[in-house]
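Shared between the two complexes below is chain A, which pairs with chain B and chain C, respectively.
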Partner chain A sequence: MIGHRLANLAILGLAAAICYGMQTSKPHYADLTGPIPVRGGMGDDVKARLFQLRVDKVEFAKILAVSEFGKDRTLTTGGLWAIVTVELAATNSTTTISEATWQGPTGLGYRETERLAMVSGLPPFTVEPGLPARGRFVFEVPPSEISGATLLVSNERAFALDSQARITLDGLRLKPDGTPEMVADIYDMDEPIQ
Partner chain B sequence: MFASMRSRVRAWITIGAGTVAAILAANLLGAFGALPEPEIPVFAAGQEIETGQWRVTPLRAFVTDQRIYDAPIREGQKALVLEVEMTNRTAASTTDYFTLFKHGLPVGEESETPFVMLTRDPSMTPELHPAMKERVAFVWALPESATSPGEIPFSVNTKTYKPIDNLYGVPGWYNEQELGRLVIPVSEASG
Partner chain C sequence: MSAGAAVSTGAAEIGQSERRWRRRSLWALLILLPATLALGSYTPVKWLFAAKDLFPRDVEPGSTVRFGGSDWKLEAMLTTKDTGSVKLPENAVPVFVDFSVTIGDPDLQKLWTGCRITLADAAGRSWLPTSLPILRYSDDWSDCNSATFSGAAAGATLKIREAFVVPKDAIPTIEPTLGLGSERPYYLRFLRAKD
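Coming up: the complex of A and B.
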């Protein structure tokens, strides 16, 4: 009689432990519907669902020079400006690529800057199939977040069950301490994209 | 032996349930209302404050009728400016700072949400990036008749990190509460 009860208790305890284990190890909704990564390196054609992207070069600068509404302006930053030049193509219909994040080696995410409001050649980029376009993503990053960084590009900021291009920035020329070899004093955003 | 054990367990459970019920009833009737509230810390200018998402150092505050940092203050309004240095402690760029400071002036709804301007170059609502310290001005629009300068109390608010929220299961910062008060002299000056 008592052995029976103890066995029941043990089964109940075991069931509770299994349920708890399943609850804690369950993948989160955000993980299940999160970005589907498409990986590549610099110079590779990385094919996401709606667009294709190639990172051509990454430049660094201390100051950005822009002209907005005919007025010249310079923008400083607490870190460095990182200017990523990309070639973009649409897969099979017109698409808009608007979201890019510079992810540092420790996972800190630096969204593209919103301080350049009226400069051409910046996201959002609308590309047509068969008509590749060039563009620039501009970030503010601390020098310590440059070595080992990844560029994350997607159509939109918030999305579910869609792909995200993740480009390892492996072709940067860096000094032994991880900071870039070449940092321009001023980068002119009005120069044509090359 | 087991019979006496069972009666003992039953007695313990009865006592425990009774105690819990008594405490709950007392709580409902307001017996703990008289407990002293925990004291709210008071911060001063120049002191580094750590809220959940931000590390923030208030620098100065002033009231001005001049245009300041290109904040869209209309004519017939004054600007109450609080300049701070702040660092994003989270892992992502964010603009979640509009309720970080609330001024304690009784001046209507429209002046409750500040304009937040970067002082480096006047960008409105700048995204602040992880681990990058920036100097930022919180600018509130006040009616011209609003205040005589002196000291304006600000409340400093904080939020709590939840790794999984209840609605979408995503991480985020929720449940804003007051962390402390900032007492800072407010001068009538233009920056």
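Coming up: the complex of A and C.
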């Protein structure tokens, strides 16, 4: 009788241990439904589910010059402006690409700036299949978050079970201390995208 | 018969009926588990079907089809060389798709919501109407979504025009499609006349 009870207790303990093990080892729901990464480097055509993206160049500047509603304006920053020029194309159907994040080497994410309201060539980009288009993402980043950064691009900010382009910014020209070699004093946003 | 024997017989009977019910319950699981799954997924699947153009209904060239309570006819697919101030990429072609629609049931806000007109080519690519202002404003033509809120009466005929920008290589095979909220998951695919 006592052996029977002990066996029951052992089974219960084993079940608890298995449940605990599964709880701690299995991925969280948010990870299971989170972004599906598609990786690449600068100059690669990175193919997400609905769009294709290539990072052509990354430029840095201390000041952005824009003209909004016919008025010239300059925007300064405590860090640096990073201007990422990309080529975009839709895979199979017209799609909108609206979300980009500059992820620094420490894992900090910098979302595209919202300080530019009426400048053309900024997201959201609507792209059509067979008609690649060029665009720019503009970020404000601290100089220490440039070396080893990754660009994350997706259709929307919040999504589940969809792909996210993750481009390692491996083609940046940097000084030994990790800050960019070339920093323009002023970057004119009205210049056509090249 | 002793009292002890009577008790033990009763216990055996209870044990048997318990076993019977246990077996019935296990069999019931076979039905109940799939039924739970079906009930739980019914609403999401219904939403999916109501949101997507999944099954095409082919429309012969030149014919009129009742869809969303009204009679739809594809009048023309045109292109233009004059895109005004809009400069298109080199391999891009503007395409206008014209429908004439005779209103049957005038409750368009219920029947036509989510109106979606696309161009689809043989390679499986599809294009939504362009946001480029290549379509000049006109009193005669409206796009599908503004037609939905036009308050048109039964019997009226609306002219609906959508503008697209597609790559040149798609032109030989593109066909217009039409999806309406009240008809999903079915949509119309307007076949092109065979040359």
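Structural remarks
Just so it is clear, the second predicted complex is superposed on the first by the 194 of 194 C-alpha atoms of A that agree within 3 Å, B and C clash if a C-alpha of one lies under 4 Å from a C-alpha of the other, contacts with A are read in each partner's own complex, and residues count from 1 in each chain.
As a working rule, a residue touches a chain if its C-beta (ideal position, glycine included) is under 8 Å from a C-beta of that chain, and two chains touch if they have at least 3 such contacts.
Quick caveat, the model's predicted, so the values are computed rather than measured.
In the superposition on chain A, A:Thr94 makes contact with chain C only, while chain B stays out of contact range.
In the superposition on chain A, contact of A:Pro129 is made with chain C only, not with chain B. In the superposed pair of complexes, A:Ile2 makes contact with chain B only, with no contact to chain C. Touch criterion not met for A:Ile63: it reaches neither chain B nor chain C.
Once the two structures are overlaid, the count of chain A residues touched is higher for B than for its counterpart among chain B and chain C.
When both complexes are overlaid on chain A, the residue A:Gly107 reaches chain B alone and has no touch with chain C.
Overlap of the chain B and chain C interfaces on chain A: none, as no residue is touched by both. By the touch criterion stated above, chain A contacts chain B in their complex at residues 2, 28-30, 73, 75-79, 101, 104, 107-111, 113-115, 140-142, 145.
Residues of chain A touching chain C in their complex: 92-94, 126, 128-131, 133. Listed in rising order, the residues of chain B touching chain A in the complex are 2, 91-93, 118, 120-121, 123, 126-127, 129-134, 164, 168-171.
The touching residues of chain C, counted against chain A in their complex, run 89, 91-92, 118, 124-128, 130-131, 165-167, 169-170.
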